[in-house]
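After this come two complexes, each holding chain A, first together with chain B and then together with chain C.
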Partner chain A sequence: MVADPITTDDTISLGAEMAAARRRRWRQLAGRLLGHRSFLFGLVILAIFTFVAVFADFLAPYAPDKSDYRSILMPPAAGHWFGTDAFGRDIASRIIYGTRVSLRIGLIVVVTTGILGTLLGTLASYVRGLDGLIMRGLDGLMAFPGVLLAIALAAALGPSEINAIIALTVTFTPRTARIVRASVLVVKGMQFIEAAHAVGAGHTRIIFRYILANALSPLIVQLTFVFAVSIVAEAILSFLGVGPPPPAPSLGNIIADGRSYVQEAWWIAVFPGVAIAIAVLSLNLMGDGLRDIIDPRQRNQRDA
Partner chain B sequence: MFRFLVGRLLSAIPILFVVSIVTFLIIWIVPGDVTAEIAGGDATPAEMEAIRQNLGLDRPLIERALLWYGQLLQGDLGHSYLLNRSVSDAVFERLPVTLSLAGLALLTAVIIGMLLGILAAVKQNTWLDQTAMIVALVGLSVPDFWFGIVMIILFGVYLGWFPTGGYVPIMEDPVGWMQCMTLPALTLAFTQMGVIARMTRSSMLDVLDQDFIRTARAKGMRRRTVIFKHALINAMVPIVTVVGVITGVLLSGAVVIESVFSLPGVGRLIIGSIQRRDFPIIQGGLLVTAVIFVFVNIVVDVLYVWFDPRVRDGR
Partner chain C sequence: MGVHHRLRMMGRALTVAGALALSVACFASQSLAQTKGGDVTVVQGSNPPSIDAMSTSSQASRNITMNIYETLYGFSEDIKPIPILAEDCIISEDGLTYRFPLRKGVKFHNEKEMTAKDVKASLERYRKVGATGNLLDPVESIDITGDYEVTFKMKKATPTFLEAFSSPRAPAVIIPEEDGQTEAGKNSFIGTGPYKFVEYVPDSYVKLARFDDYTANTSASGVDGFGGNKIPYFDTVTFRIITEPGAQVAALEAGEVDVLEQITVPSARRLEGNADIQTYENIPWAFNTFIFNMNVPPSDNVKFREAVQVALNMEEVMGISTEGLFQLDHGWQYAGTTYDAGDIGKDFYNVADADRAKALLAEAGYKGEEFSILTDGNIPGHAKTAIVIAEQLNAIGIKAVVNQVDWPTALKIRLQPEGWNGWTLQMGIEPYLGPVGVIATLTGEKPHFIKNDPQLDALYEELISGVTVEERQATFAKIQTRLYEFFGIIKLGNTGLMQATRSKVKGFKPFRFPRMYNVWFEG
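Here is the complex of A and B:
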């Protein structure tokens, strides 16, 4: 596999050819993803949610915390599509702004979990002395069932958006790091990495350029699911009062408001939950599609 | 089998160690003065001092850690200042509610989920398969605590079939207990059965495709026997894996669902303690739930060996 010493001319044409091949591969991949019915469906819904979140200021009919004591606990009607709450606040507007908070937190958690998971996973698979230590530590964190650790951490740190992000990142990083470690170990043992070592590529170059680039697929699939579960988990934290604090609306704390009015105003609790379910469904559909197409080996393994 | 079990139990030790460290450090990451947080605004300096001593906050971290482990090894989870009783009493008194809720939900999710999955696999690519898979996907996208509220609104408030919350001990009134547990258990089961259904379907499809299934059919065995006796047993290992994962989700789900349905379990104890800043209870509840989950995972590993003895002798 080790190439003969190559001349400069060859390198240039080889580089251009590789770039062209890469572009072709990307176009092919995009084509296959867009041809995947459920992925496309999920993508469209997520795009709508993102649009609503970004342009909340223009789309929301009312300010999210504007109370109106003449229209308290109004059922869904023309002026208020999704009704009003006990302060006369418009539920539709609160959901629109709450979507912004949910998507923002979900996205940040995806980024922080992705970075931290990649870092720990690569370290564990590359530095032999650290492997046992890191993996036992992550196993210990994964021993806390579900979002219980996130709840306890958010409770200790205090209710705020940044603390919710920290708590969720700590909870979702272990499994992500594990997935990165597993796929890095597979790629590391392949022959072309040996070849790269043989032609004298440095460790940094090998890790970033060859190993991580080739171990990316399972990570991307995992992060789609992390996005989905963080939206639900953020809602749970807000519902329990350890998420971003009121009066700023989040999908979880609107549901928490509605919990006290199930007898007289079902609409407060029901609509924000529908929004969460649709957003999470779209991410799950996208994750399923991505896995079918870029990482078929991982099929059947879904959880975060 | 015995050596496998011993090995598996020993490997739980480092995990339990990390679990205990994390639990211990929870109180350390509380910003500012924990004592003031716990005591509230109107505490006298003497009361503050008493709390500080009770929690050992007047000592350096290492000494506190040693103290915590010393107590832990004797089964002492500390003392709740606000409830004025030991944490282990408070937690273990409420544990049966949480465990029975999680257990009922697990049972329902496994039965319905596996039936849906088998049905979908046997009738692959028909409308039955597609409907089952859509139900499964919707189930795992719906936030369970919200679904609980929807169930309360629908079956509690409008139809009036079940109570909207509350609890009756099973010893006093078994029927009332069942009524109180039905909605919460169904809520938890609905959100998790999808995971089991999806896994059962794909695992069954893998097995149904194999030669020995065709042989069994070819020699004239009944379809039902082949599906349940030959295919399902061989499809069990991946299913058992997700059941293990789901048990964790159900345990943590039960914690949240208890707050929705006002059930007096460990979850409601923890959530109530968050509002009261009663950290010893939060730590104790967290620790006990994690330890239970670690042992559930050991049981799952033993089940692997049961269904696939090859696992025991190194994969």
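Here is the complex of A and C:
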């Protein structure tokens, strides 16, 4: 979606022509994104990760929890590409299943953060009386360093996947809300919104059809970064023992298991670490590409 | 002991011919090397809950406090009660009075001489704040019967009293009379031991310094268990708290620290070829056990518990949880010790029979209720034990989940009557203390199972009132039989403890705590 007052102002119905124009624009956007090298690169890697996560049951050579005391701490070899851990569990299989857990947590956090952030950001900017209340509350949350807040919340709630999701959502929502609020404020002051008010459009219609549709670009870019940061943050939580509890394999858990054996069995910590690095890199590349194409203003601001 | 031990170490390296002559020569040069001085750093993984030795039964405390304090009686190397601050113990024929003449001239760290008044005050305090204060329950009164003598009057004859009194679990240490009225943890940390307390910075270190006026028990030939002729050599001993095993090993390799109270087995194996580092194997060190909460379903059902017992593959549990340093042992006393009950219960051990387990589950009417296994991430081996057990139980259709918390939280939860079904526990000091030590934790007011087994409680009473060793052995055989009838606790095996020092640390011998006396730096 590109901020373009005329096309979204469909109170003056342009019917089929409008729809065709919209499709054309989507095609153009997709074409430009796929032509963007780093976006494409990120997309391919993310697609591979997603494929691995979805088809873990078929791809993993072993069950992720299958321990075997006869093959404890085996270095990478033919039977176990990435070696085994202190339980004799296959690291490759654990990483494959761990990817599923990490991506699932990242994705859910993106969705919940997106919804909550949009809701709070829009309310704050659209309803005048709520602005101070909501934003000061969010400022309070933002006063804590992000990961520290997540650790504190996860520790207080107890180690589980759902609690990790809650902790990460609470941590990342304020930043998202702030971005939404800022762009809604910009759009809200534009002439076509005034025009919509003038022709008698309701608040719901104005918010969803006109304001949000035009304020989404920075949000989408932000959410790709939330996705990336969530994966890292989940790994941090698991590493500290406040993420999904063992024996569930998450990338952070596997690294935590390998912590005591870094000198004797480097492969336990290194391979999931590499997996996290690649996943986060791919999301960041995609985020950068999206920002370049759909939200060029932000790039100019950042570069300035 | 020191001389014997060194000779033994040398002997291992030497050929038979000429060994004697060479050992004598080496002994001469080594004794020259036993010079005072140096600052030694010992590493352990967790904070001592207290430096007040009598008020805690924590190993992290014992490691430190047994270098600071001493008891009247303690265990020898071969686990027999021997006098330490006492000179002797004279028990009357009827078993109703215990007379303890004290060693004369023993000085506290505040330079005051220890007398019968200090002993009485210490033991009266032990009754109140001692973590195992009930071991003085059989004692009617503690009387001062001379400047250097106390006498216990007993309520009734208790044949196992002296052994219990010698227990290092929460040691009945002797402190100055002035500390007699202090609350738990609030004494001035003054004892009679070879090192005196200097400073405790939580999460960082506990520092001790040599007590130059230490009154050694020169009647003994060398160190013997908790007693013997102790000689402090180091200027200071620092117990540094480093939680991360990897960081501990790195510090040892870098030469920043000198002794690791515990090192993971893979790390120890890796360091075996390193000339700067000496590793030690301390096995058997502890029982690895799995305890049921007999108060809540499904673990309240004896058939269910039996199913778990026969389902488990102990070799796998032990192999993984100990990283390979273990003994398969079904017994509730170490093999070869006085109360070893032989093959009783062996039929149920390391069976790993899924079909039999499933049949028992059906008999128990198990319907897929959740079986929550409580464990902690702090004590090495606990979490791994829980995870392997959960995996094995899931394989026979039990819905086992692992609840991993930190150690203090686990200790709180397991006291609650509900909210857990199984709990992983390594019993370190209890089996060392003998049958009473183990069974005491399974009976009485707060048994590990939450709900008492009346038969076991009765057998415990029979055990502690057995007059002769033979009687008590017979009772213990009945106890082991009973343990394999109601399956309230599962013996998984014996664990070992790997320790390591820098090679310049000489005279170190693995024991129930790192004895930092009669240990010195070479050169």
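Keep in mind that, in the parts below, the second predicted complex is superposed on the first by the 286 of 304 C-alpha atoms of A that agree within 3 Å, B and C clash if a C-alpha of one lies under 4 Å from a C-alpha of the other, contacts with A are read in each partner's own complex, and residues count from 1 in each chain.
We take it that contacts are C-beta pairs under 8 Å (C-beta built on N, C-alpha and C of every residue); 3 or more make two chains touch, one makes a residue touch a chain.
If you're wondering where the values come from, they're calculated on a predicted model, not measured in any experiment.
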item	value
Touched partner set for A:Val270, first chain B, second chain C, both or neither	first
Partner, of chain C and chain B, that touches more residues belonging to chain A	B
Touched partner set for A:Asp65, first chain B, second chain C, both or neither	second
Contacts of A:Gly121 with chain B and chain C, given as first, second, both or neither	neither
Chain B versus chain C as contact partner of A:Pro174, first or second or both or neither	neither
Partner chain(s) touched by A:Ile255 [first = chain B, second = chain C, both, neither]	first
Partner chain in contact with A:Val280 - chain B first, chain C second, else both or neither	first
First (chain B), second (chain C), both or neither touched by A:Pro245	second
Partner chain in contact with A:Gly83 - chain B first, chain C second, else both or neither	neither
Touching partner for A:Ala143 - first (chain B), second (chain C), both, neither	first
Touching both chain B and chain C, residues of chain A	241, 259, 262-263
Interface residues, chain A side, partner chain C - complex	65-67, 69-70, 72-73, 86-88, 159, 241, 245-247, 259-265
Residues of chain B that touch chain A when the two form their complex	14-19, 21-22, 26-27, 29-31, 137-138, 140-143, 145-147, 149-150, 152-153, 156-157, 164, 195, 198-199, 202-203, 238, 242, 245, 247-249, 251-253, 255-256, 259-260, 270-271, 274-275, 279, 282-283, 286, 289-290, 293-294, 297
Residues of chain C touching chain A in the complex	244-246, 249-250, 264, 266-267, 269-270, 315-316, 319-320, 323-324, 377, 383-384, 387-388, 390-391, 402-404
Parts of chain A lying in touch with chain B, wherever the complex brings them together	136-137, 139-141, 143-149, 151-153, 155-158, 228, 232, 235-236, 239-242, 255, 258-259, 262-263, 266, 269-270, 272-273, 276-277, 280-281, 284-285, 288, 299-300, 302-303
